[in-house]
Amino acid sequence: MAVRAAVAGASGYAGGEVLRLLLAHPEVEIGALTGNSNAGQRLGALQPHLLPLADRVLQETTAEVLAGHDVVFLALPHGQSAAVAEQLGPDVLVVDMGADFRLKDAADWEKFYGSAHAGTWPYGLPELPGARAALEGSKRIAVPGCYPTAATLALFPAYAAGIAENEAVIVAASGTSGAGKAPKTHLLGSEVMGSMSPYGVGGGHRHTPEMIQNLGGVAGEQVSVSFTPTLAPMSRGILATCSAKARAGVTAESVRAAYEKAYADEPFVHLLPEGQWPATASVHGSNAVSVQVAYDEAAGRIIAISAIDNLTKGTAGGAVQSMNIALGLPESTGLTTIGVAP
Amino acid sequence: MAVRAAVAGASGYAGGEVLRLLLAHPEVEIGALTGNSNAGQRLGALQPHLLPLADRVLQETTAEVLAGHDVVFLALPHGQSAAVAEQLGPDVLVVDMGADFRLKDAADWEKFYGSAHAGTWPYGLPELPGARAALEGSKRIAVPGCYPTAATLALFPAYAAGIAENEAVIVAASGTSGAGKAPKTHLLGSEVMGSMSPYGVGGGHRHTPEMIQNLGGVAGEQVSVSFTPTLAPMSRGILATCSAKARAGVTAESVRAAYEKAYADEPFVHLLPEGQWPATASVHGSNAVSVQVAYDEAAGRIIAISAIDNLTKGTAGGAVQSMNIALGLPESTGLTTIGVAP
Amino acid sequence: MAVRAAVAGASGYAGGEVLRLLLAHPEVEIGALTGNSNAGQRLGALQPHLLPLADRVLQETTAEVLAGHDVVFLALPHGQSAAVAEQLGPDVLVVDMGADFRLKDAADWEKFYGSAHAGTWPYGLPELPGARAALEGSKRIAVPGCYPTAATLALFPAYAAGIAENEAVIVAASGTSGAGKAPKTHLLGSEVMGSMSPYGVGGGHRHTPEMIQNLGGVAGEQVSVSFTPTLAPMSRGILATCSAKARAGVTAESVRAAYEKAYADEPFVHLLPEGQWPATASVHGSNAVSVQVAYDEAAGRIIAISAIDNLTKGTAGGAVQSMNIALGLPESTGLTTIGVAP
Amino acid sequence: MAVRAAVAGASGYAGGEVLRLLLAHPEVEIGALTGNSNAGQRLGALQPHLLPLADRVLQETTAEVLAGHDVVFLALPHGQSAAVAEQLGPDVLVVDMGADFRLKDAADWEKFYGSAHAGTWPYGLPELPGARAALEGSKRIAVPGCYPTAATLALFPAYAAGIAENEAVIVAASGTSGAGKAPKTHLLGSEVMGSMSPYGVGGGHRHTPEMIQNLGGVAGEQVSVSFTPTLAPMSRGILATCSAKARAGVTAESVRAAYEKAYADEPFVHLLPEGQWPATASVHGSNAVSVQVAYDEAAGRIIAISAIDNLTKGTAGGAVQSMNIALGLPESTGLTTIGVAP
């Protein structure tokens, strides 16, 4: 019997991507699709790449419309998920692709998001130690942020192996879809094509506390994170260039071994052969994560780099992967590690 | 029992795309992969987006290596398919993604390709009247060129309905993957980003006689085609802007009716609702064709525009679609109409 | 003594470009800069590429602010220029980069722009026969649209020489800056990168009557124009692919001769050597126009292609060139034919 | 009397850019242009954006051809400058845009470039303390690498003010023109559009020792540098995201003060107002450097970010700026701080 799924926020990029993936998911049947300002419009006009759903019409995001589904994906602006979630009942699997339930520290939440902390749900990054157990059978999933997904998967093996000092420097380049579909001047094609620019510099980005939470959790101690996001002239993809000072005694071999151990059995994380480096194009549209690591002996740093598709593994693919675990389905159901390139 | 498929020329863009699609095809098992200069290399280094095949090693393109398969896809430089094909025997389904067997007119072939005409195979554009019948059960398929696919699907309904004069003007913009993977200065990212440029102007492009053949075949008379290809700053996609003088008595309604009739039952061609226009992003990675048509009464012309992914419907997707027909499988097996956007 | 210039609408793309050019103009001193919603803001925040003006603050667009200048450039939304212009007095040179005073036919204006026709000013396309004489000493200049500039310069020599039939087909690709700086979803980088799409198909684009006016004026008879604009994934540039049926007796030589004659003495139009084709990258940031022409004997059509920078020669550069003529300065003062490439 | 300049390597990106700038330089007259494989070809075919030089023909790179000029710019592959330079005589100003004479440490040179160290010339980064004095009147100039220019200008003020620990982490994104014009598969437009990828990770990039040399020279002690270059989908531009651990007692105010002091009088370096961040688009085609700095108190790091045009300030603009100093001309002659945007 098919799993019946609704998507709240179906007109945006995260909503569109989860629909793209659910259309290819053999166990899922797509139910209600909702928007707010777009309610009443054909999906064909809003998401013309989703041809099989072209004639579906968006409804309002209400508890009534979302009722009667096995799974509800929330692709809503940050801060709006809690109010919807609490109306859905404890038996529905609610997968929040917003930030509302990611952070454990209420003070961090309030500092970075400016509203009351709604709580903490099982964290939808299955590769993180302990995460799968928390997801199994859960009725609530907090999908990680796209940057934390990329940065955590690049760096946590070094912390798990105890080879990195607790100061990480992360510089990540993201495609513009990470900034959403609401029209803003600085996101116009004319502005972004041919240009790289940083934003949220100096600790100000909302994803910083999430990275600290993830890496510190693995390290078992506080990890300081310097995070600089940059906007790159491409629609999709995140390249996270991460580094941390190596602990005494670290060698190129011990670094490699740490990553081979961490990713030996992961279906979606691909540790590249030595000498080959990730490129976001290789994971375009796929749920795969390309990771490579090197030990820069002269600088005494471990350099770990990951490439993901921000909308797939970074948002909707991670959501579907976690849903599969929560529902007891094989983790890779409906997901691919094949990118669309060139 | 799985269909066993080999791909000759697996390191290029057409070869990589057919592999991407075959990996998702439920009836196909991927057999030998061959290259020439790249023989002996891991596919993971050449096509890093095809993770499930990363450890496969390319072999030389020989009859021995290609033997023992049910289907052989040829993704070879123009003019090299005939020599390989004749060694493969009449029982193997040979799908040529090169130009060698597309043209019926030997003189045209020799004029545009400069070598002896090898023959004519059933033409792999199922939507063209009569094409499916020729493909069913065939052991040989000539996959159309990417531009002819886009232009023919934009314009043939007008000729089939007898509403267009026999003079077509076609201006098409293609992503750079259409120009192949061999490194050339004018195809460098530095040269193509931020730039539009035409080439092969004035009838000189090899795809012109193929368009004339297709449209003339439908019209039942010689159709003159002015074709200008342009290179656009994107990796994939063709937007074909086509027009023809309308015959006397044509109205907006008769134009619309001609297209609705032609595409009522086609699984991959989507005639957009009135007022919506195709965009190549909507068909990125998909086998769908977006088509729209308008009648410009003041200029007296029918304007028909199509968008395809040049590598998918324009090459490898069209090849798989035709293979399905030849093998008696449902035509859409393993193919999608869902694009990867944004 | 310096020419003192004000720019109304200095926060948009046309306004920014005219400032970029005026900063390099040896005879011009930049006076008042105005905006509307942006009044009170530093130009450094709005146009960060104009470093020498970073500390200038935008004022409101009023007659008082614009008073006391020798030249006023209007970079306003279509339909707003007339009200400002009439307050400026007959002794000020007013250069309108909007559409308000381009069309001679009031009915055309009203059909395409939906408001009352304000009048017709001397047309700022100096290369058009008769245009320079009208511009000399004029106090009013209507700067052409970007598409009409590209298309007219590609095709008028064929009409001037009487070698083309009066039916032109024009397909042009434009960078996104042509669509302006107001934030709209379909212009987001995420939407336009990797995508080509048409718009205003079937005679609906406002630039069509302007092309008809220009080509018909040269031909001395009505010329029918089928015009399809497309949006290309680049910030700047227009590539106009134009064609017209050749009149009887036309040869490749007579076509070439017509263009060599038309452009023998033009400082900004460069007829490329035979076999070389225009690319928008070559004219990025320059006032040059690259033109090439071919005679497609099989199709019986003259194919003429031009590349311009839509913001420079297509808007602000054409404006400065015409200003130079009106003021009696050497026509090329402050303008360059050197592009920024790659 | 004009300065007569020759350019060796005029067909590549660095050569083309220096010609673009010299064409706008009021004191320079362009003399011989040489290539090697391209000798005998028209510059119009190789550098179509340089219209005023379209009919110039490239000569072979020989001492005879380069003789009789006041300045010779060498835009040659690394390791080829020394042989040419020694034939030019001590009275000619030789400006090497290659790497040959940048490094002081012969062992570093040999490790990273694999050939004998040719020597060390005055370093063409005028903003670096002491650099201008060494350039004045010099007949030899080693133009810095593009990445070292960006990274040094982002970070040296922190070292000059003694506020940063001697461990810097630099992650830089470069446009593809930095990788040159020789055709390579991984630089094809199809490969780079839509993709970010790192290379030369782990200390392996040739520009690392140059950064160490620059920052260590200012700091007065050894500075460790972890440098990761990434390739971005744009033709031009470098965004360098740099950070260093702050020394004890550092505050946001002391960081800002260090940068204001360093750049108070620099004509080309623009320290942005607080809250505004650099974008490469703003310096496209200009010799300006946009710099911003922040103190991330939580992470204890100074974050300094610069944006340059890799071909202008990063190569040819820096070369012309240094030439001006060497010749006793005003430093900004022929150079602009106005970018071509959007």
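So that you can tell them apart, the chains are marked A, B, C and D in the order they are listed, and the count of residues begins at 1 in each.
The definition used in the following text is that a residue touches a chain if its C-beta (ideal position, glycine included) is under 8 Å from a C-beta of that chain, and two chains touch if they have at least 3 such contacts.
These numbers come from a predicted model, not from an experiment.
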Work out which chains are contact partners of both subunit C and subunit D. A, B
If I rank A-D and A-C by number of C-beta contact pairs, which comes first? A-D
Mind checking the centre-to-centre distance between subunit A and subunit D? Centres are C-alpha means, answer in whole Å. 37
Just the number, please: Cα centre separation of subunit A and subunit C in whole Å. 45
Junction residues of subunit C - those touching two or more other chains: 13, 175, 177, 181, 188, 190-191, 193-194, 233-236, 279, 281-282, 284, 342
Show me the residue ranges of subunit D that touch subunit B in the complex, using the header's touch definition. 13, 175-177, 179, 181-185, 187-194, 233-235
Help me check something: in the complex, which residues belonging to subunit A touch subunit B? 13, 16, 20, 23-24, 42, 44-45, 47-52, 54, 177, 181, 193-194, 235-236, 270, 272-273, 276, 279, 281-286, 288, 290, 336-342
Within their complex, state which residues of subunit C touch subunit B. 167, 169, 171, 173, 175, 188, 190-191, 193-199, 201-203, 208, 224-226, 228, 230, 232-237, 239, 241, 243, 245, 277-282, 284, 292, 294-301, 303, 305, 307, 342
